[in-house]
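First up is the structure itself, then whatever we jot down about it.
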Amino acid sequence: MFKYICKRIVYLLITLLIIVTTTFFLMKQLPGTPFDAERFNLLSAAQQAQFLEKYGLNDPVIVQYGKYIGNVFRGDFGTSFFYTGQPVSGVIMGRIGPSALIGLQAILIGLSVGLILGIIAAWRHNSGIDYFTMVVAVLGVSVPNFVAAALLQYYVGLKWGVLPVAFWQSWKSSILPSVALSFGVTAMIARFMRTEMLDVLEQDYIVTARAKGLNQFKVLMRHAVRNSIIPVVTILGPIVVNLLTGSLAVENIYSIPGIGSLFVDSIKTNDYSTIMGITIFYSAFYIFVVMVVDILYSVIDPRIRLASGGKGE
Amino acid sequence: MAQKTEISQELFTKAVVDKDEREHIARPNLTAFQDGWLRLKKNKAAVVSLAILVVIILLAVFGPIFSKYTFYDTDYLHTYNGPSATHLFGTDQFGRDQWARIWQGTRISLLIAVAAAFIDLFIGVTFGAVSALFGGKVDAVMQRIIEILVGIPQLIIVILLMMVMPAGIWTIVVALSITGWVNMARLVRAQILKLKNQEFVLAARVLGTGNREIILKHLIPNTVGVIVINAMFTIPSAIFTEAFLSFIGIGLAEPQASLGVLINNGYQVLQNFPFLLIFPAVVIVLIMVCFSILGDGLRDALDPRMRQ
Amino acid sequence: MSKLLEVENLNVHIKTQHGIVQAVRGVSFSLEKGETLAIVGESGSGKSITVKGVMGLLPSNGKIAEGSVHLEGKDLASLSEHEMQKIRGCDISMIFQDPMTSLNPTMTVGKQIMEVLHEHHHELTKEQLKQKALEQIKLVGLSNPETRFGQYPHQLSGGMRQRVVIAIALACSPKVLIADEPTTSLDVTIQAQILDLMKDLQGKIDTSIIIITHNLGVVANIANRVAVMYGGKLVETGSVRDLFYHTAHPYTKGLLASIPKLHENEQQLFSIPGTPPDLMDPPKGCPFAARCPHTMKVCQEFMPEYTHLSDTHCAACWLLDSRAQQEAAKEGENHV
């Protein structure tokens, strides 16, 4: 187990290094300096030189790269070109709150609705609720979340005027974006849980449980749900990706001061250091989640837990 | 014993039993594909999806040709017209015919998706097959590469690539394929490895079948299903990614039309002219729904475990 | 002797995509107290479905179309699911074929035994349940009960798991124990141990056993009476002696002949040619007619009725009809 975790951490570091490297050199490919050409040219030659010096842009690329790597591993992503003078890490940290809130709320909604739908659908296979669940599952992954977010904003927010549609004022402002983000999560979880449960319900130990004289509810909860809910952990990776992607568009639509909208804004303003910072932040977050999920999975499933632990245990 | 009297003595003579009849297998012998096709045909949702997709593809190919309007012609006298007989889907802020633009956009989105799916398929199948067939050190190295690549969030890399490369259709295709093939490679490798150790392949080996024949007769036919199914899921996800990129403003740019561009455009004026968002959104949702139902249907139809 | 379990004219239909499979067609048998009945037949003969029908554990697409199952006078086939739950695991319990899959992989052995005890003895405290479960583990011959109690199924070998399955089945001292091919997926050496354990425990807790098997060796080892099934029907029933030494039905003869014999110098193993009938569209006559070496015209047209050969022995075959014997006699004369 310990060896496994070490291996995973080594992979994590290698992957991160590759991402940082790729990001760095891709950004270097962009034409000109990272400053708006027109504004930059207004500066005097001395000022220009001072600027380039300040951001270390006169060094050979390889030296810049070395410095950047060193800084990144110290948590320093450089200075934002757009929010002049502010460190990128500070800008990102300031934006985490809203993103985390709507992300967590979306996961909570998706998890509870998805699990309930999935369980009932499998239990009442081929019933009305099963078809309903499948429709939800297909629509949830087929309707792009920016379309869902836009429609929710228009109908629920503007036409019916029930909830705030934009600007980050109170907790209420987080409801619509969270709901918009949760559709994809609900769909993925409902679908996965349904398939998993249908598979488990076919297993011999379900018949054993019924042969013990347990009623349907106990068979379902103690034996079927327990065994099918464990693998749901494995799709947390794809769900996080779904949320990250979704947040880019949804935060923009609802003008939420989160990381997603920061990323889109920095793309639009060519704020390279922020783009690089967020890229690395997102990647690290994603890789970390996937690693934790894998380790968690091997901890909660007794079959894997002992298989990887070897005979020593 | 009424029944007994009905049965005459002469029935108690030896009957002729057709020897072949004994070994008769009740169901006709079908190849995996015939069987898969029959099963797919029984899946009504999949057949309907297939039909809708065919209609959408036909409209995307021929729709722009048969329209009086082109997707780029502007008409400032008729901006923001609602759907009418002359403009079935209305017109946008420049008076461009939405019917022509939507099918042009669908064409572009489908083109991008299909092209990306084919490139994924080509790279992924080659990588996966080489990795699985060579085994040993080659496989180990290739697997390490894959393990690192799957750790990278694809969309982020796609966004970075989109920023670096000049905007255009092929840029999106390239960006999507650079990251997209990994999944295909993993599936193909897993499938081939599974097959390699299966009894029927071992049996073929024992019977002295050569490598070439094993690959042609056993490995390829049994891997096609996995490849087709995965490609079926790649297409909608590529359509989605394209739309997403255009929506956040780094995909295709006006006056080019793709479903993402159209949705972005419609979103800007959603409050006053919702139809400009609704029509392209309905088309993209229809495409995604049909592809995923068809993909599911194909998976069920081609999965040998489902054969009864 | 009192009849403990009486199954009469049981018909089970299973709905599939392609049509309705008549998996069990008019099966009747009975089980007496303390007796072991073996149901023998090849795969697809309907033996598993028969006992699942008795247990009320048919798959959701299956149902008892006709017939009754009386346990001590109570018709189980007419009970509601809720009433049946009180009987399952308590009065009738079941052992399954594959111990690798019939235990819940994410629940400890102890909990799985305690679960059935708790279900039928709500009055027991947690401590008492644990004590009983430990006793049960000891009873089925597992060493270190305390350790076993906390282990997960995958930590045990196949034979040990089957012992756990037996411990679960016998935890509430059922009147009838149904064992569906309990030794088929085990190593040969383990098979005998499991059979011995079952015989041993049968004596200790006074239960009657229905054992399903296609292994005639198992039958000879454990059973008092045998019922042979073919094509969803019972073709011959009798005591083990009747079946082995006075075999009446050609199918049973075929089964016996296909046991490999060590002392005979036969070059080839005997097998019954052909495949079992398609029960979606069962033959109107004898189901075995297509494979029988003695098929007569009547066999293809009419289902034979049961002929009682002795108090314990009966078979369904037209060859046992007097007219067939007359015909055979004529045939014999012609040859002379």
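Worth a mention:
By letter and in written order, the chains are A, B and C; residue numbering begins at 1 in each of them.
By our rule, a residue touches a chain if its C-beta (ideal position, glycine included) is under 8 Å from a C-beta of that chain, and two chains touch if they have at least 3 such contacts.
Molecules present, by chain and UniProt name: A, B = ABC transporter permease; C = ABC transporter ATP-binding protein.
These figures come from a predicted structure and were not determined experimentally.
Chain contacts in this assembly form a complete graph, since each chain touches every other chain. Every chain gets a centre from its CA atoms, and the centre nearest the mean of all protein CA atoms is that of B. More C-beta pairs in contact connect the chains of A-B than those of the other pair, out of A-C and A-B. Between subunit B (ABC transporter permease) and subunit C the centroid-to-centroid distance comes to 48 Å (mean Cα coordinates, whole Å). With centres set at the average Cα position, the gap from subunit A (ABC transporter permease) to subunit C is 54 Å.
Computed centre separation for the pair subunit A (ABC transporter permease)/subunit B (ABC transporter permease) is 25 angstrom, with centres defined by C-alpha atoms. The residues of subunit B (ABC transporter permease) lying in touch with subunit C in their complex are 3, 7, 9-15, 17, 19, 21-26, 42, 308. On subunit C, the positions that touch subunit B (ABC transporter permease) within their shared complex are 16-18, 273-275, 278, 280-281, 289-292, 294-302, 305, 318, 321, 323-324, 326-327. On the side of subunit B (ABC transporter permease), the complex with subunit A (ABC transporter permease) involves touching residues 147-148, 151-157, 159-161, 163-164, 236, 240, 243-244, 247-250, 263, 267, 270-271, 274, 277, 281, 284-285, 288-289, 292-293. Residues 125, 203-205, 207-216, 218, 222-223, 226-227, 230, 301-303, 306-307 of subunit A (ABC transporter permease) are the ones that touch subunit C when the two sit in their complex. Put simply, subunit A (ABC transporter permease) touches subunit B (ABC transporter permease) in their complex at residues 11-12, 14-15, 18-19, 22-23, 26-27, 29-30, 138-139, 141-144, 146-147, 150-151, 153-154, 158, 241, 244-245, 248-249, 252-253, 264, 267-268, 275, 279, 282-283, 286-287, 290.
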